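What follows is a set of structures to go through.
Two complexes are shown next, each including chain A; its partner changes from chain B in the first to chain C in the second.
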Partner chain A sequence: MASTNPPTEYITLVSSDDYSFVIRRSAACISPAIKRMLDPANGFIESQTNTCRLDNINGLVLEKVCEYLYYNEKHKDAKDVADMDLPMELVLELLMAADYLNGMFCI
Partner chain B sequence: MANRPPRQGLNGNDVDFDTTWQILERAFLEIHTKNASQLSFEELYRNAYKIVLKKKGDALYNKVAEFEHRWLGDTIRVRIVKLLSAPFLFNDDIGRTLATSAERRAGGEGVLKALKQAWEDHQVCMSMLTDVLMYMDRVYCTDHRQPSIFAKSMGLFRDQILRTPVRQGEDNLITILTRIILDQIAMDRDGEAIDRYLIKSNVYMLEGLYESEQEVEDEKLYLREFEESFLQKSAQFYREEGERLLKESDAGTYCHHAKRRIDEESDRCRSTLSESTAPKIQRVVEDELIRNKMKGLIEMDSGVLYMVDNDKFNELHLVFDLEARVDPRKPELTKALQQIIADMGAKINEAAVATSQAPPQAAPAPEDGEGDKSKGKQDKQINQQTQAALKWVADILDLKDRFDKIWEISFGRDQTIQTALTRSMSENINSFGRSSEYISLFIDDHMKKGIRDKTDQEVDAILEKAIVLLRYLQDKDYFETYYKKHLCKRLLLKKSQSTDVEKQMIARMKMELGNSFTLKLEAMFKDISLSEDLTRGYREHVAGLGDADRKRVDLTVSVLTSMTWPLEAFRSANEDDGETRAQIIFPPALDLVRQGFERYYSEKHSGRKLTWQTSMGEVDIKALFKNKSGQMRIHEVSCSTYAALILLLFNDRQPDDQLSLEEIEAQTNIPMQSLKRTLQALAVAPKTRFLSKEPMSRDVNPGDKFSLNDDYLPKTVKIKVGVVSAGNKVEGDRERKETEKRNNDSRGFVIEAAVVRLMKTRKELAHAQLLNETISVLSSRFKPDVNMIKKRIESLIEREYLERMEDAPVPSYKYVA
Partner chain C sequence: MSGRRGGNRIRGPQSALTDFLAANNISAAQIRDEYERRRQAADQDGNAGEGASGATPPDVDEEEIAVAIAAEVAEEEEKAEKSKKRKRKTDEAVEKVKKEKAKKAKKSKKKKDDSDDESEYDDGLGKDMYKKSRPAPGQLEHCDVCNKRFTVTPYSKEGPDGGLLCTPCGKELAKDVKAEKKAASKPAGRKRRKVESDRLDGIATGGAKSLQQLCIAKVAQHHDDVDEFGDMPQPVLERLSEIFSKKRVLKPKTLPLFLRPDLDAVMIHDAAYLEEEDYEKMFATVPKMEKLVLSNACQLKDPAIDYLLDKCQAIRHIHLYAANLVSDGMWYRLFREAGPNLEVLKLKWLDATFDDLVVKDLAKHAPNLRRLKFKLCRKIGEGAVKAITNMQKLEHLSLMMNKEVSTPALVNLVTKRGPQLRTLSLEKFLDADDSVVEAIKTSCQQLTKLRISENDTISDASYEALFTEWTNPPLTFVDFNSTRDVDNNNPVGPDDAIGMASAGFKALMAHSGSSLRNVDIASCRHIELPAFMDVFNGAMSYPELEYINVSFCNKVDNSVIAGIFKSCPNLKKLVAFGCFDVLDVVVPRNIALIGVPKAQDAIEQFGVGIGVDEALSRMLEVGA
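== the complex of A and B ==
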């Protein structure tokens, strides 16, 4: 059982097909859903293990999501940022993932 | 996996609501029992997400609500209700008698703690649930305009915990909670220690709950359920406490107490209740302890009168401070102060009237005891009157100083109070008929003796005091009349100590009352200095004539402009108008001098007429007297011109020669009344009995005969014959009436002049407006009587200065050019 350690700098996102993505906490927390998941105040298991298992997002899509989270964080203060390049075949799944992760409609 | 159709997540028939809800429900129970650490947020979130995605959002929402309803109602409320002991279930009057305050406090704290715990737990759990159900809130609640699940659950807490009767037919928890808090506050007010933080936590709860799920700001339960009772209860508490204190303690203590209570209540709001209540409870305390009690407080035996009497500056400040809180105009305090000043002023005025009217023999002992300098019995009554005047002025000044001090120390130089004090002082002074005269006498007294041995600063202070009184005076024209009269005597009889100070006084009056007021006074000074030049000039002129006649009589003159000097002040009491015209017969030696001066004067100023005011003259005579051993001694006799004329009649006569009163009158032409008085001084007064009278009696009667008194032995080289009307004294009733009549006459002219001036510029004016403007124009000099103005207008119409306008809607006048 993981200890209730202080928030780490990096956290892990796990896809439904068991791909792990270690990304910066600040980037992950751009999604309100992930942010709440990791909130130590609530004390759910995710906040203790610093790992979020997202059971309805597969690795392909989660990779793009992580890419977007970094992209978003990198440009959060910039203006006139060009849209991120998205493969057409993933667009619908990405849209659903965004809805699920709450509020990432800025693709 | 990449080619798994995305659609699967969308239709997903595999989602079974009941199973999913069971997972959630189990998890929620864990959360409520503080066992969340093994739960996966993601799993719960995903399940809720799925249900909402399946359009089952409303079912989920209702299930959650139902879950909370059950949890709060069955678990939490039961837990709290168990803690309620008997006292809290009844209305406080019954409840309070059932237990000691310590029991009640402990029991109350138990309930408060349980409620606080329940509320805090509920907050935490609901915030976790809200996070898990975020997707439902965002999608279902927003789309279906439902309150968020958090708001909903807060409403459930309100209804299930606070609003449900604890048992069938009994009060609900919020009523009991209010009762407990009020009870604890009552203990706090009585000085018992309570757990403020605990109450504050419960207040937070009430502030966090609203009447409806819309969470309207002014529908907080705190405002709706608690505050009103708190304010009512406090009002009742302070009403009773105020009444009790008024009965039991003195005003000073009351003020201290009230101030402390006000501070306490605002502290209480900060530490125990809500800041938002502070202004409201403040108002309640102010109403109950101050506004409704101020009158009673001020009228207490130990109230404002007592404080003023005993110089309780601190207490007065408190009273002032308290009333200033409830009303910036401080009506009760102002009223009380005005009443006190009016009473004190009335006492001073009465005392002055009493002293001045008391028969002279009634008062001599205390008068002498006070170090009164009066010598000679005839002065006594005069002095008594003057003393009354001086005492009045001193008392009024004392009164003013006293309240000025209070005003400075206790009332923080408050503007409103100052205005009220000034008005009261002014009323005091103006309600006293003789104030103008007395103030002038006060100045007169200081000019004659008061300023001796005083530094400039002290003199300054006295002058300032006089000006202060003058400022209050309404009828400044009266004052001018008296001042002129008194100044006139000071100047002519050379009683003034210092011309400089006199001039300073005039300068001050000029600043205070304006140029026109002092014009005539300044003219009097000018006349005096011109007269000095004239006298010197005449002496040189006489010396220049060459014959140094040693017997020639030396002359000092005062040439006075007749319009400026109030010469009637010297005459009116003694003579009738008819008699003044009679020419006094001078003996040749004097007549020569008189004619000589008249010639000299008319050479310098042609066209001026000199009238000799013999009654005001003074003469120095050198006379030979035999002393006991038969030697002849020269004595200097200083006496009035009349006395000199009479004595000169006896100059060439033998000791046995007698002259009757009528003979003397015929030979001198001195008016009878003055003659009698002068003869009294010469033949009756023991120290200056130059003449003997037959028969020997105090009064001089027709037919009395006078002869030289050979036995008269003067004790000093210089002899002063009691000079009639030497000092300035208070007027007698007859004199006053005359002064008033004269003053009224001159007021009449002043009013007419003002009316004509106004009408000349305005051409047409309504009656009321004319009255108002006339009064305002004249206000710097005196307060005109409306009837007098009306009469004057009538008279002006008769004399065709004005005419009534026939067609005007309101009565109006028109100026006739």
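== the complex of A and C ==
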């Protein structure tokens, strides 16, 4: 029944320490990994609940990831985009998260 | 309240500073009295209302007093001690006072909210009142910073507190100011150049950078503070290593970040900073190493290779650039001991050692070699080519020789190894002629990449023949740069064109166009305009093509560029240095156009959110 619903505009990302972030689907789908999770064609449970649990990303990092996703979406067609400022202490964890959500590789 | 130590130690009106203050109509006693009075008033206020607001007396008066005190203290001590120590002591005193002042300033800023109006008013008034008038040149003056006496000149600088500075302190200050200015002005210019540089690197394709890129840049920026990368995935680690090399921060200190016992590869793209013991550390830490990449390995010496052979038995992939301190004897040993496992060998920039005999030995001891690259190895020549001819399992071959190699030897190599070859790169074989191309056509049946560059002997007709009914499947990578006739007196070349020209280019695109991803035809200047127009006519589509280099193909003009945009839906980068007929081009989204000499603006603006069709129509408007 859930799969017949039209896709919602917002989806939820849940961090390892149970923080949830509700963000626009269009932004979340910039990450191919999240996009695949949410694609009804793949039939993952995530696509029915519109919620992705990311058990290896903690709340602090996931917050930055969400910030990045919006930043990326905002600057989709812009040129000479100013770099987003990342806190030094999170950079390595963010790097791992980016690798996990792959795709932030794709420019 | 304020912890001003030694406030009551002020004594003796004879000090030079007091003299000076008096000369300038400033009396230390008066300042002190004023201060005491205000302090009492403040204390009374404070007693009335919790003492919070009155706790901060006006800054400037304090400053004045503090300076006076410092000077006095210094003077006192001066009397007692020998003049040698004077300067240091004074400096210390001034330093202390400055610190206190800074602390005060901070405090008072914090408490600004609840400090009363009067004190603020006093602040301003005090500043104006006590500002020293600038003494005339020639007069003696005490430096504001080091307190030394000096003669005032018209060029004397003003210190941070309004007083004049002696020449050395003035210089110091000027330096600071300059540095500050530099730091402030840097970003703008740097940013512009950064954008250009990113564009040339192919990073800037519009839109935001990837999160990974951002993170890696940040990590490289703070390389000093990183202790370890934890269990970073290997591809990311390799990317980090690349960026560290690029930023020139891959030093002995940062090297351990990239060494982990569980890794099977060490890739250092700029090892110039590494020293002998770093190499040993590398081989000791990563014994499971299968792949070793060291570029600019200028301090890699025999003992390190010895260590490598001892520790890393599994090595299969060796890639060394500029390892000039490795002796011939050690090369022999390396190939004898590691040879049987060796699958990939890439060597570049070897001047002093490594000759034909070593290559012969390699061929004998490394029967499993699949990929081989020798570039700019000064001592090898035809003997090496003959040795390579006997490497049975070779699939990828890349050669760039400094010595002359006869054509029959090359033909023999291509004939013998051709059937298994998947990639072939022959650079700077100036004398290779049509027979080599014929050999490629008859022998090679499974090439995906072909490079023949810097050659002025092979004719266009033979390229055309190669790509006509060649049984090899379409190539994905071709590079024919700098294959052209070179004759200053006859720039258009002979009638039967030499090098990749019109007919050859058309045949190439007809044969491989469907899967070509990378095309380099830089300096193929005999390709005529009609050939370009035929190939990139908009109706033909080259779906895979991502990179084209048409630099110095002087027939290329606007219509060709537009045709390329239209015919290559997946194009990412178009390089067109020295194409003087290309004028105002409107570049569609996601494409970077580089190098057009007469269209600087087009280089600036690229991929600005418009599609190919819109770009083309705009181009027509501009042209009309």
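We take it that the second predicted complex is superposed on the first by the 100 of 107 C-alpha atoms of A that agree within 3 Å, B and C clash if a C-alpha of one lies under 4 Å from a C-alpha of the other, contacts with A are read in each partner's own complex, and residues count from 1 in each chain.
One rule holds for everything that comes next: contacts are C-beta pairs under 8 Å (C-beta built on N, C-alpha and C of every residue); 3 or more make two chains touch, one makes a residue touch a chain.
Quick caveat: nothing in here was measured; it's all calculated off a predicted structure.
Judged by the touch definition given at the top, the superposed model places A:83 against chain C, while chain B stays out of reach. In the superposed pair of complexes, A:92 makes contact with chain B and with chain C alike. When the two structures are aligned on the shared chain, A:17 is found in touch with chain B, with no touch to chain C. With both structures placed on the common chain, the touch criterion links A:48 to chain B but leaves chain C unconnected. Judged by the touch definition given at the top, the superposed model places A:36 against chain B, while chain C stays out of reach. Shared interface residues of chain A (contacting chain B in one complex, chain C in the other): 92, 96. Residues of chain A that touch chain B in their complex: 4, 16-17, 32-33, 36-37, 39, 41-48, 52-56, 58-60, 92-93, 96, 100, 102-103. Remark: chain C residues 195, 203-219, 222, 225-226, 229-230, 232-233, 235-236, 589, 605-609 touch chain A in the complex. Residues of chain A touching chain C in their complex: 65, 68, 71-72, 74-81, 83-84, 86, 88, 91-92, 94-99, 104-107. Across the complex, chain A is touched by residues 1-2, 4, 6, 9-10, 36-43, 45-46, 49, 127-128, 131-132, 134-135, 138 of chain B.
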